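You will see chain A twice below: alongside chain B first, and alongside chain C after that.
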Partner chain A sequence: MDDRDLQYQKYKAILENYLEEQSEQTLYKGQQFSRKMIEQKISPEEAVSLHVSVLEELFPDIPEQLKNSYDFLLEMMIGYGFAYREHQSLRSRQQQLESEIEIAANMQQTLLAGDKPEVPNLDIGAISKPAQKMSGDYYHFVQDENDCVSVAIADVIGKGIPAALCMSMIKYTMDSAPEQRMQPGAVLENLNRVVEQNVDPNMFITMFYGLYDPRVHSFYYAGAGHEPGFFYDAEKDEFEELFTRGLVLGVSKKTSYQEYQRVLNGNDMVIMLSDGVTECRSTNGFIERDEIVALIRKYIHLSAQEIVEEVYRELERLQEFELRDDFTLVILRREV
Partner chain B sequence: MNIQSCVEVRNEWDIVKARQSGRNIAKELGFGTVDQARITTAISELARNIYLYAGNGAVAIERVENGGKFGLKIEASDSGPGIKDIRKVMEDGFTTSGGLGAGLPGVKRLMDEFTIDSKENEGTVITSIKWLR
Partner chain C sequence: MNLQIKQEDHENTHHLHIGGEIDAYTAPQLREALLPLTGKEGHETLVHLSDVNYMDSTGLGVFVGALKSSKEHGSSLKLTGMTSRVQRLFEITGLDEVIDIEDVKGGSK
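Coming up: the complex of A and B.
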């Protein structure tokens, strides 16, 4: 007995059963049988045809007119079969695309994953979560032989794959000019040139670049239209905005970026973020920067890594676990 | 037994004629009702494409044999504008989006074999076979 016969016999048994006694149990069996048919890729027209041939066996004297009407039904179902098969083929294509994106996302992860450096007396926390599979946010640490730590945070205006491709370019540009690392303004000027020349004019990149020199406990930084970070003064127990002046990358060929400096005393913190943090939207509207500060304050007794994770967890919950934009938060704290 | 036919397609009536002769031949060759309906739908779609996009052409249907295997071959040809990007029309969702036409990928799935040959400004020939099981 081949599959087709087996199917026929099974269907016949269930149908006979149902005709005898219209029980819910038999209908349930029917539902399970239909699931199996779908698994075996039986199309709608084949299902109708199966039904009709079983009927013809059970009732050899079906009126001719009724018989003809089944031919008509079959013809109707061909159209549904058409749509069904197209749906299946589109679905398998979608699966294929998704697995390709998955691979690309993994590549991006390995590409962008900057190891968090271990520096004496500097507590570092960093978290970056993409809204979709691929992130348009970027953060990267570099540690040199003098334990100077540079940190870059960038955000491509836009999301998904185009933003991610753009991000890779930023990464390579930064890697290719290591001698500039000590001068935040120069780093941004160089990047601005590259972005202006290579990126589509309606794609913009904002960036914050900073360098911490533990020998003089100083943080040097510059920004290109990036969401301002915060400076936490431990002695005064106050948060201030880390203001920077500078155009978004890629807008104008000749742009200069002002460099700023802050001295970090014990327990002072530098907080850097992407606009995905401040543009979190809860049911009560945008989350204010004050609220971010309040969240950080709430967890200030924890380590830098624990703070960024807790803040992310709370904001994720506020947004009902649906990130609208890539989320990146980095904290540096000078330990005493 | 008339085992081949050729229907010229100029208007919607001709689509019905092509369907009819395809169904008759399919029945004579011994195809089951489901396959008859599939073959007819494929013919219908191909004839309709001729009518809509080329203006006129022909649908030829004949019995084919290959190593003891019998089948039905449809050949739809026209001298219309041709298809510029064949890969595109063979993509799912390209011709069907918006309209209810099944499109060429749908026809391909209904049949066993499918080849398409087209030149811009010269015309299109689509050949498709369904084998008897």
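Coming up: the complex of A and C.
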């Protein structure tokens, strides 16, 4: 007996059983049988055809009209069969895509893995969490032989794969011009030229770039349309906005970026963030910038890394653990 | 949340009244309404944003695309009536310097 015969006999047994007494148990057997048929990729029209042939054997005298109606039903089911097969093939394609995205996400992790540098007398905290598998946020530290630390934090509009690909482009552009690292304005101008040429017209990138020189305790920075960060003045115990003027990257070829400077005294902090931090919405509306400041203040006695982690944890809770946007927060604090 | 778009045309001037939220989900809808208008040489498009209560960076992206398209095709694009929250987005990103935005008090910047 081949598979098909076996199937036929099994189905016949179940159906006969059910016709004799309409029990729940037999219905359940039917369900199990249908699951097996699906596993074996039996199409809907084949299932109907099986039913019809069993019926014809059990009731050789079924009226002609009824028989014809089954042919009609069979014809109807063919459409469902097509839809079913299409669904099957989409499902397998989707699985394939998902595994490719998984690989890409892992690659992105490796590519963008920004190790936090160890700098004497500088306490650094950084956190970046993607809303989806791949992040459109980015931060990157570079430390040179004089212990100068540059930090870039960027947000590609849009999320997912296109944003992630764009991030890789930024990283390589930055890596390819190490001599510019000391001039934040020039770094952004260079990036703007590259992005403008390569980006889809609806896309742009916001970026904040800064450089801390521990020899003179100065932070030099420039911004391209990025959400302003904060400067914490420890002596006054006050937060101010770290304002920068500058157009987002990728919109206009000829854009220049103003450079700013701040001197950090002991315990002063520079706080950089992505708009995922201030654009996030809780059930009560938007999270305001004041609330972010209040959160940082609440944990200000902790280390920079502990602050960013605690702030993230609280915001995550406020949003009921559903991040709508990528989240990035970086803190530099001059230690005394 | 949804996006509502109402279009009024007076010869070569087009008014788009936008309401609701402009985010990653609704942005394509806005783009489809806006780009055909900015692609017409010599035409003027006014986008009324007073009923937009939320916009994210994807929404800004649509206007960046529309700006590029209007420059390319020699049409004009103007945004008007934005709420302070939306206006802040344009200011932070520096886009208020390159896109024609009409002040709520009247008169272009």
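As a convention for this text, the second predicted complex is superposed on the first by the 321 of 336 C-alpha atoms of A that agree within 3 Å, B and C clash if a C-alpha of one lies under 4 Å from a C-alpha of the other, contacts with A are read in each partner's own complex, and residues count from 1 in each chain.
Just so we're on the same page, contacts are C-beta pairs under 8 Å (C-beta built on N, C-alpha and C of every residue); 3 or more make two chains touch, one makes a residue touch a chain.
Bear in mind that the values here come from a model prediction, so they are computed numbers and not experimental data.
Q: Residues of chain A touched: more by chain B or chain C?
A: So, of the two partners, C touches more residues of chain A.
Q: Return first, second, both or neither, reflecting whether A:252 touches chain B, chain C, both chains, or no partner chain.
A: The second partner, chain C, only.
Q: Where does A:227 make contact in the superposed view: on chain B (first), on chain C (second), on both, or on neither?
A: So A:227 only meets chain C here.
Q: Just to be sure I read the superposition right, which of the two partners does A:111 touch: chain B = first, chain C = second, or both, or neither?
A: Touch partners of A:111: none, neither chain B nor chain C.
Q: Taking the superposition as given, does A:161 touch the first partner, chain B, the second, chain C, both, or neither?
A: After superposing on A, A:161 lies clear of both chain B and chain C.
Q: Could you say whether A:204 touches chain B, chain C, both of them, or neither, answering first, second, both or neither?
A: Only chain C; A:204 stays clear of chain B.
Q: After the superposition on A, what does A:55 contact: first (chain B), second (chain C), both or neither?
A: A:55 contacts neither chain B nor chain C.
Q: Which partner chains sit in contact with A:86 here, chain B, chain C, both or neither? Use first/second/both/neither.
A: Touch partner of A:86: chain B, not chain C.
Q: Following superposition on chain A, which residues of chain A contact chain B and also contact chain C?
A: none
Q: Taking the complex as given, what residues does chain A use to touch chain B?
A: Residue list for chain A touching chain B: 45-46, 49, 52, 71, 74-75, 78-79, 81-82, 85-86, 89-90, 93.
Q: If we count contacts the way the header does, which residues on chain B are in touch with chain A in the complex?
A: 32-34, 37-38, 40-41, 92-93, 96, 100, 102-103, 105-106, 109-110
Q: Quick check on the complex: what are the chain A residues that touch chain C?
A: Listed in rising order, the residues are 155, 157-159, 201-204, 206, 224-228, 245-248, 250-252, 275, 279, 286, 325.
Q: For a test of understanding, state which residues of chain C touch chain A in their complex under the given definition.
A: Against chain A, chain C makes touches at 24, 31, 56-58, 60-62, 64-65, 67-69, 85, 92-95, 97-98.
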